[in-house]
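Per-chain residue numbering starts at 1, and chain names A, B, C and D are given in the order in which the chains are listed.
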Amino acid sequence: MLEAQLEPYTRLRENISKRDRSLREKVVSLEEAASFVQDGMKVGIGGSTMSRTPMALIWEVIRQRRKNLSCSRCIVSTDGDLLFGSGVSDHIITSWFAQGILWGLSKVMRHHVETQKKNYEEWSHMGIGMRFRAGGMGVPFLPMRAMLGSDVMKQRPEAKPVNCPFTGEKLLLVPALNPDVALIHVQRCDQYGNAQIDGLQFMDIDLALAANRVILTTERIVSNDQIRRAPDQTKIPFFCVDAVVEVPYGSAPHECFGLYEPMLKHMESYVAQVNADPVNGMREYLERYFYEPKSWNEYLALIGMEELLEASQRGRSIYND
Amino acid sequence: MTEAQRYTATEILAILSARQLRDGQVVFAGVGIPLLAATLAQRLRCPGLTILFEGGVIGAFVEPGKLPPSTNDQRCTKRANMVLGSADVLLLLQRGYVDVGFMGGAQIDQYGNLNSSFIGDPAAPKTRLPGTGGGNDISSLTNMIVAMKHEKRRFVEHVDFITSPGFIRGDESRGESGLPMGGMFRVITELAVFGFSERSRRMKVLALNPGVSREEVQDNTGFSLDFDETTAMTEPPTDSELQTLRLLDPERLFTA
Amino acid sequence: MLEAQLEPYTRLRENISKRDRSLREKVVSLEEAASFVQDGMKVGIGGSTMSRTPMALIWEVIRQRRKNLSCSRCIVSTDGDLLFGSGVSDHIITSWFAQGILWGLSKVMRHHVETQKKNYEEWSHMGIGMRFRAGGMGVPFLPMRAMLGSDVMKQRPEAKPVNCPFTGEKLLLVPALNPDVALIHVQRCDQYGNAQIDGLQFMDIDLALAANRVILTTERIVSNDQIRRAPDQTKIPFFCVDAVVEVPYGSAPHECFGLYEPMLKHMESYVAQVNADPVNGMREYLERYFYEPKSWNEYLALIGMEELLEASQRGRSIYND
Amino acid sequence: MTEAQRYTATEILAILSARQLRDGQVVFAGVGIPLLAATLAQRLRCPGLTILFEGGVIGAFVEPGKLPPSTNDQRCTKRANMVLGSADVLLLLQRGYVDVGFMGGAQIDQYGNLNSSFIGDPAAPKTRLPGTGGGNDISSLTNMIVAMKHEKRRFVEHVDFITSPGFIRGDESRGESGLPMGGMFRVITELAVFGFSERSRRMKVLALNPGVSREEVQDNTGFSLDFDETTAMTEPPTDSELQTLRLLDPERLFTA
């Protein structure tokens, strides 16, 4: 397990040295972008819970029927359901996994973990954060002071409790997590991948630096001139990014800070359907919303104009004061 | 109208939890009752209470009727003083800037250990629960207030799995495990307010909720509780507390 | 040496628990703010080289004739000269110490290190950064991959080369640096200390989190409402901050991003004077510019209106495009 | 006009340094000649060259006539793609995003080790130099180009102090010291362009500058240099190179 997770430094460096890090246009279609995700890969997912989830990419990866993905995200909600339920992933590394506190336990997660023996690998929230951060810093581990004493730690032989060589204090060393590919949704970026993130940034910056490939979806593509006018607003530098796709409402039905809040009517009907029957309910949901639509816009149309507009009104209201 | 009819179990939970906070404190709050109770305290008595959320928020003032469905939603940032990365907001706990962590709980034991990971054997669980989220980090690094429903299956002698550590096995075991700071401070339920004894670190009843008997608390608890002459009786929720609470959550998202 | 530097976790936590971290107004005079710096303290200094140096605070600390300060800053320029030359500090922790590349070696630094045996403790730039970062994270060390193999490392028994317990790779563990007090200059903050920093932020965020006290000088104090309208622009949270002073041109003669560039005429005459005679030249400079003026504004008047206006014109030009 | 009169020693240094860079590379540049040379390369042949500065800058286009007095000045951020913390920009080197580090040097030895800390015994130095800055980090973590003045006292057999490591003691000693990546790639002086032999990791002459003899290079070097039939002669600076360089630094801040 550990060996599969922690890459030696020379391999990490070799991977990066092979990437084309020049300032080049990298706008592609959603289909092309999702094809960076190949069977068996470690996939890091940006955002958290129901916020700035790269849902359009997850949607397309599921449509491309990938297999055996090992996915990591700080907090997983319906995206985790869909990754397990569609069969693309059998391993999810996170700190919390349910559809959202409004709906209690995820019957989908329970089904796949309790009876299908899929792997929900639990770390503390900070543990996930320090693993991405170590990955982004190019070090094999970071020390932290949580998880110690808990059964969460006991289940994680990948982490090492040690005595501090300076102070003798007990510390936990958590190993770097360098996903093969990261999927991240942002409010705006340029055609090179210089990305701005408004509001909550979660662990996306560390994740982008840690991953060996980064795929960005963005609500809009802006000019490089606009980026260069406020370089201190750039949160992810272009040379970390391998593909850019403009996908308005790319987090739907989740939220995107300042643009739209979660589409809770859709979420509620989703939860009712899949929790009532985690197998058939999920299959029917995927059929209707994931496999049948010809495009992301057709999927949005199924969520419905009214819900999109209402979510947008609520989303924008954060700037009304 | 009898006392018990004036408010729901969740309402008294939120109100008594809010009473535990002090103006000027820095509190790290989870979603649901903690978020609601911290916001209630802020509106009632503690305008200088600083609320942190796991999504990466410092010093928010959540709006009435707009409670966020998670602590990672944009509503959590309303009128915040700062929005930052979520690893970074957790590191503030580790560095020591936070006075109180404030969470809900699914299962707790006599030493204040919380389980939100597994019911039954973790190797073949009866129920896989959602997991720790920031709970393990918060409870490892600061003083904790936990608000939860009081049921015998939730108040057990030993939790099936220590997701978020309290005093582990009591006495000095928390410190010896590498957690020299923090620990359980208060547990609030719809029946009583609990603390932890200074030496053994076992849970003890500090005060009974209005109209609740010692027997009722003991009957709903899976381990023996000590009562003594210092066990107090909590003042009932005031009209102002109830009104403000209902204003904050008019759709009864968290106070159903 | 190490014992003096690395504080045990319980003491760090105790120090913070005693600080009043409530949302309270903390605007004071420059004199009061500087008096947080007491003899023998470890003082962390924000900015870098000639940029966003908290010069007004350094000026006032020197006027208050403190002693035995141990100062740390990522890169030191004329501020280091002044700290050694005035006698307030006998120990400077940094990665580079000269007046600025335009002027070659600092004769003042050389005099105090070569003949007065003051201590210029050299770390790599990243080494300083990781020390502040460890301090800000509340961990006793961070691992890094530089300094290894160099004589810079050999001179630093405070750092520990180790073999990674995960990969066996060689790593250097650098100890946390938690200054007793940090001096930081920002473009704007509110009366509580919520600070925005434009452009280059250097190591100031880590430094603010690491220090046991933080004193902010600011070009302007804005309303808390303004801060709350763009909370993702806040770089230092109020509860890290213990005092706020509004000091326009608080970095003069150094630069403050977007507001003024370095006042190079003044710098040049300073360098000529102190390099010609590091003892008497410095004494005369301090007398004229530091001890004699009755206020910071009087000091600015000595630098001169023309130079201030010209530096401001150049400083603001970064936003002209 | 003879060849040597067409340009100053610093000008040829900047021009030959600029020629070492390739379009599309990510280069971490120090102040002075490196900044100037990287900017020159960007203007002449490499519009897609990404320049990083220690102050926390990614992808700047420094303006002609507005060279910054340090890499921590706001001028370094002109038309940058990103401005970030200075520890974070250094971590990009550690993670591996940078192709080339580009620095000046005060003293270098046969294995490409640089000294910018002490002349004489570090315990009682004759001269305390400014120190490493980011130099140690850059040279530890990526492939290096060094541009420096060629004098016998600067090109020594062993530096007094290894501030920024090259190949340490040659052979495998760099990797064995914990630096598996990077190392010295090129040294550029006003006399010649140097590389390092693959096995021994000793400095070797790749090409002589226009009008410079082997003897002149050896006479100005404190250790023996190998020349062979592959030693080339560098093409002289073109008019376009000289014009653009002079446009960038009209006040001769770095090309005096």
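Here, a residue touches a chain if its C-beta (ideal position, glycine included) is under 8 Å from a C-beta of that chain, and two chains touch if they have at least 3 such contacts.
Model, not experiment: these values are computed from the prediction.
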Practice problem: List every chain that touches both chain A and chain B. | Solution: C
Exercise. Name whichever of C-D and B-C has more C-beta pairs touching across its two chains.
Key: C-D
Quiz item: How far is the middle of chain A from the middle of chain C, if each middle is the mean of its Cα atoms, in Å?
Solution: 38
Quiz item: How many Å are there between the centre of chain B and the centre of chain D, using C-alpha atoms for each centre?
Solution: 58
Quiz item: CA centre of chain B versus CA centre of chain C: separation in Å?
Solution: 40
Exercise. Could you put a whole-Å number on the gap between the CA centroids of chain C and chain D?
Key: 29
Quiz item: Considering chain D alone, which of its residues make contact with at least two other chains?
Solution: 57, 77, 79, 83-84, 91, 94, 180
Practice problem: Would you mind listing the residues of chain C that make contact with two or more other chains? | Solution: 9, 138-139, 144-145, 169, 171, 199-201, 232, 321
Quiz item: Looking at which chains touch, is this a line, ring, star, complete or other?
Solution: other
Quiz item: Considering every pair of chains, which are in touch?
Solution: A-B, A-C, A-D, B-C, C-D
Self-check item: Residue ranges of chain A touching chain D (in the complex, touch as defined)
Solution: 9-10, 12-13, 16-17, 20-24, 136-139, 192, 194, 209, 224, 227-228, 231-232, 234, 237-240
Quiz item: For the complex, which residues does chain C have touching chain A?
Solution: 2, 6, 8-9, 138-145, 160, 162, 164-167, 169, 171, 173, 175, 198-201, 229, 232, 321
Self-check item: Of all residues in chain D, those that touch chain C in their complex
Solution: 31-32, 54-57, 69-70, 72-79, 83-87, 90-91, 94, 117, 122, 125-137, 140-141, 161-165, 168, 173-174, 177-180, 253
Exercise. Name, in rising order, each residue of chain B that touches chain C in their complex.
Key: 23-26, 48, 50, 57-59, 77, 79-84, 91-92, 94-97, 99, 180-181
Quiz item: Along chain C, where are the residues that touch chain D in the complex?
Solution: 48-51, 74-75, 77, 94-98, 100-102, 105-106, 109-110, 113-114, 120, 122, 124-127, 129-130, 132-133, 144-152, 155, 161, 169-172, 199-203, 205-206, 255, 257-258, 261-262, 264, 315, 318, 321
